[in-house]
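Look for subunit A in each of the two complexes below; its partner is subunit B in the first and subunit C in the second.
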Partner chain A sequence: MTEVKLIHAHDLVKAYPVADREFVALKNISLEIGKGEFTGLVGPSGSGKTTLLNVIGSLDIPSSGSVTVLDSKIEALTHKQAAQLRNLHIGFIFQTYNLLPVYTVAENVEFPLLLLGKSTDERKDMVAEALEWVGLTEKAEMRPAQLSGGESQRVAIARAMVKKPALVLADEPTANLDAKNSHHILQTMEKLNAELDTTFLFATHDEKVMQYMKRIISLEDGEVVKDEIK
Partner chain B sequence: MVILKLAYRNLKGAGIRTWLNIFVLSIAFLAIVYLKGMYNGMQDQSIRISEDTDKGSGQYWCEIYDPYDPLSLPDAHDVIPAVFDPLREAGVMTPVMFYQGAIYPDNRMKNVMLRGADHTQTVMNMPTSKMNVEADGYLPVMLGQRMAKSINVEKGDVFTMQWRDGNGAYDARDAKVVHIMVTDNSTIDVGSVWMDLALLQDITRLENQATMMVVDKSYTGELPEANWSYHSLFDLTADIRNMVEMKSSGGSIFYGVLMALALLAVFDTQVLSIWRRRKEMGTLMALGMTRMTLIKLFTLEGSMYGIFAAILATLYGAPLLYLNNMKGLTMPMDIDNFGMVLPQTLYPEYSVALVVGTIVTVMITVTITSFIPVRKLARLKPTDALRGKMS
Partner chain C sequence: MIKFLIAGVLRDRSRSLFPILTVFIGTAITVLMAGYIGGVMPDMIRMSAHLDAGHVKVTSQGYFEDRTQMPLDMALEDAEEIIVRLENQFPDMMWKARTRFGGLLDIPDENGETKAQTTVSALAADLITPGSTELDYLKIRSSIQNGSLPSDAFDIIISQSMAESYGLAIGDRVTLMSSTINGSMSFQNFRIAGTVVFGVTALDKGGAIFTDIEGARMSLDMEGGSTEILGFFKDDEYTGERAQIVTNWINSNMSVEGDPYSPIAFRFEDVNEFAAMMQWAGAFIFIISGVFIAIMFIVLWNSGLMNGLRRYGEVGLRLAIGEAKGHVYRSMLVESTLIGTIGTIFGTILGLFFVYLLQEYGVDISGMGISDTGNGIYYPDVIRGKIIPACFYIGFVPGIIAPFLGALVSGRGIYKRQTASLFKELET
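== the complex of A and B ==
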């Protein structure tokens, strides 16, 4: 584990109102994740993996406790500051790829750069580089509907990585993929982790994914039950 | 600039749905410009025709004359004040006399207005010189085309004419139609029998009397003070403006309905778009887009329908409107007997203000329509959106 702490959660609680009761999704989670880690949040459905990922990704706020990501206290961020944090430093990879259907592959990858206000030339170079990382240079002008599941997820990786974020959050990235594509995707991310020193945090219950993780944090009913470094 | 680019890409990507909305909106654009242009043209032409053929730059009325009081008409004449003589002699003012009478074409009685105008006058654009002819002992009279048609007479026909002279005595003579006047101004045509003013004064024994003095439209000099009331062209054409305004208000309902239909399509598309693109919104927020930018993006997408509709309407509408502007809209003769001056062929007037005003109005309404369903995004949670839920 590296020295620099990218994520620091302390007594994190996340509760949702369900009917007239409260459902506690995360119970007093405390953890630290360092720069360059390749970590998996594992556990059965409903264990709180996605919720934890959402809070770390500043898509949600904790009910109590504290989460610091890249020196930003998530619970203290305004909506705009949270958006800025995501825009600048966090990349997301979703189970269902979440590509923008009306855009081409290149335009999808270019999207975060547009939000960052990069110039046309910069965007062009960075998109080309990202597509090269995932081996989709040839398919730059295709639409998501013309791609296979594996290709779509590689586009999503390129989109998450194009701005070279400090942190990439991947929620069940291989759940919709076959074994061959899953390995391909994970190898790509592993390579990017090594080359760019980007921190990857996965939420998964896929055994194939777990074998690539260097650290596995197990969750059960919203609690960390095990934290092991391979 | 970024959201403009994104909005454009999204609209382009939406395909046929976008084009249908744009097409419907462009029709609304065109219909509004066409109708408004038509009403503007109608008003301007009507006023121009009135000015040219009837009202000049204004009229002096004798004390009793009131066009809205038919009972005043038998006495609506007076001795022409001497103060008008210099302008009469200069040819910039001419007297007109109205006098009630009756004619008997085909042995049927028809009440008419006998109208006298100097056959040498050039103030009103009327062929009054045609009345100065020998008519085989009959009274030479001139009719408008509508009047001639309504009483079924032609040039050269003779009918009996009856009136009461200035002393109240009935008199009658046969009159011969020496000219049929073609005019766009139905108010000097329908129900009127024109003759030389001197002749009308003579047969009514109302020497040097008239009902009104018409001032030449080009006259800009000082107007004499008289005991006759002066009415400017603006006052005299108030009826035309009111009528066009009333018709224009009626037209507003039509293009209001048209716009409502077009806006409904935009609104419906926006609602559908927000519903279908919930996950996309969540993704955009995850990628770093703020809710405010999201609202701007979706509102702009809606507004862009208006922009593209204006462009499309210009592309196919400009040649149509230009053609319409050149050829005009010719109406059947019967429909212009509305009691107001209507030209036979209406030429619409499309001013820059009209086009720009319509574009701005449509843009504002489209933007508001687009914004209404988008407002709720202000409360949208990214996690809900990613799950395909609306907060």
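== the complex of A and C ==
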């Protein structure tokens, strides 16, 4: 495990009211994830993987306990500060790509840079670089509808990586892809992890994804049941 | 970012086409209405002033009180003296004596026996003095169908429809039976000099005849008098403020309180129902704008709500990757302003085109009876719009405000969106 801790969770509890009762999605989770890790949160559906990603990604706050991401205490952030943390430091990759259909591949990748206020020249260079990482330079001017599933997910990776975030959160990134495309995507992310030292945190129950993980944290009923480093 | 939004709006037809069309249509109608009012109102004011009210009307106090009965005995006996005084006092105006009176027109057959009789409403004005504007103000010169302009004090002009109804020809002589200023009977022969078609149903269909003021004075025993004096600004541009100065002076310096024979002056808009009509016309364009703002707002609000559902994923993604809710909301407002601007520009162009057509070709409303108001308000039978400065900018009021309000209301949902469930929402 590397020295610098990017994520630090201590006694993290996340509970939701369900009807008259309370459903506890995460139970006293404590873990640390360091810079440059390539880690998977694995477990069956309902085990709390996505909820944990939500909290780490500052999309949600803990019910109790503490989560620190890049020195920011998630539970203490305002909505605006949380948005800023995500904008500056966190990239997201979703199962369903979520590309904006009216924009080209290049424009989709460019979008996070617009929010960061980068200049036109900077954006152009950074988009070109990100598309090169994922091997889609030739398709920069295409629309998402013209791409295959694998290519769409590579655009989503480029969009997540273009601002060179410290942390990328990926929720079931290969769920909609066939085996060949899944491996291609994972190899791309593995390469970016190695080249840019970006921390990747996956939520998955896909065996193919797990093969690539250097650390696997297993969750069951909201609790960490195993934490193994390969 | 703006460039990015413009690209999105233009490429996503379902996001832009319907709202732009809504704004386009609403704006075009607003501009058309502005051009319609801009054309019709000045025409109506000019025509009604020339034919009936003047920019300033002076009568005796008693005549004004009973004006519907046209009481000749309450005429201004010293009208010519008053005119001289007013011309000296207000050199930017011209003053014209007119007399309105009623009578019975006796139409003889070839043997000189009465063939027919009809009631007529006569208007006497200066029709034979060289250079008199009355032939133009009363539209006689431009409306002559047959015959010629009056050349003698006892020449009359009648409507073409009256001539046809009674088989009257140019040069025929008719007798007008009326009463003098003193109440005695008056019989005067007149020669039909010409017939007119004004294009104003109220004049063309009614029993109106026009005669020279001097002929009328002799016939009615009212030397130097008239029932009314009309003042016209020489530039023919009426404003209530200018007229108010004139009426204030006349009423302060010439009117004697309690003397029914002393003059009293009124502005154009204070005669008949012009004031209410002018206020209504002034407010009309704002009412139209308001109506279209309301309609477009409701349509675009709903469109915004539907768009919000359709773009649920996009907004979720933007929130997830770190765009603040306020920024997303503001970008929606910018988008709506863009849509409003595009729709307004094209709507204004279309509206101007329609106003141009209305200006050049007009719409004949003579068959609708609208011009026959019967209260001194005259519309031309062919209404024409006019491209006025307001046509170029009035559309921007509803065109920008409505989409903005629509987005303002429909976009509030962004603030209700919980980021906590974004991962799940974005994966369905």
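The working rule: the second predicted complex is superposed on the first by the 230 of 230 C-alpha atoms of A that agree within 3 Å, B and C clash if a C-alpha of one lies under 4 Å from a C-alpha of the other, contacts with A are read in each partner's own complex, and residues count from 1 in each chain.
By definition in this document, a residue touches a chain if its C-beta (ideal position, glycine included) is under 8 Å from a C-beta of that chain, and two chains touch if they have at least 3 such contacts.
Fair warning: this is a prediction, and the values are worked out from it, not measured in the lab.
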| item | value |
| --- | --- |
| Simultaneous placement of subunit C and subunit B on subunit A, clash or fit | clash |
| Which superposed partner A:200 touches (first subunit B, second subunit C, both, neither) | neither |
| Partner chain(s) touched by A:115 [first = subunit B, second = subunit C, both, neither] | both |
| Larger contact residue set on subunit A - subunit B or subunit C | C |
| First, second, both or neither for A:83, with subunit B first and subunit C second | both |
| Touching partner for A:95 - first (subunit B), second (subunit C), both, neither | second |
| Subunit B versus subunit C as contact partner of A:53, first or second or both or neither | second |
| Touched partner set for A:38, first subunit B, second subunit C, both or neither | neither |
| Overlap of the subunit B and subunit C footprints on subunit A, listed as residue numbers | 54, 57, 59-60, 79-80, 83-84, 86-88, 92, 94, 96, 98, 100-103, 107, 111-112, 114-115, 159 |
| Subunit B contact footprint on subunit A (complex, rising order) | 54, 57, 59-60, 79-80, 83-84, 86-88, 92, 94, 96, 98, 100-103, 107, 111-112, 114-117, 159 |
| Of subunit A, residues touching subunit C in the complex | 50, 53-54, 57, 59-61, 79-80, 82-88, 90-92, 94-96, 98, 100-103, 107, 110-112, 114-115, 159, 171-172 |
| Subunit A-touching residues of subunit C, taken from the complex the two chains share | 1, 4, 7-8, 11-12, 15, 313-314, 316-327, 419-420, 422-424, 426-428 |
| In the complex with subunit A, residue positions of subunit B that touch it | 2, 5-6, 9-10, 12-14, 279-280, 282-283, 285-292, 381-383, 386 |
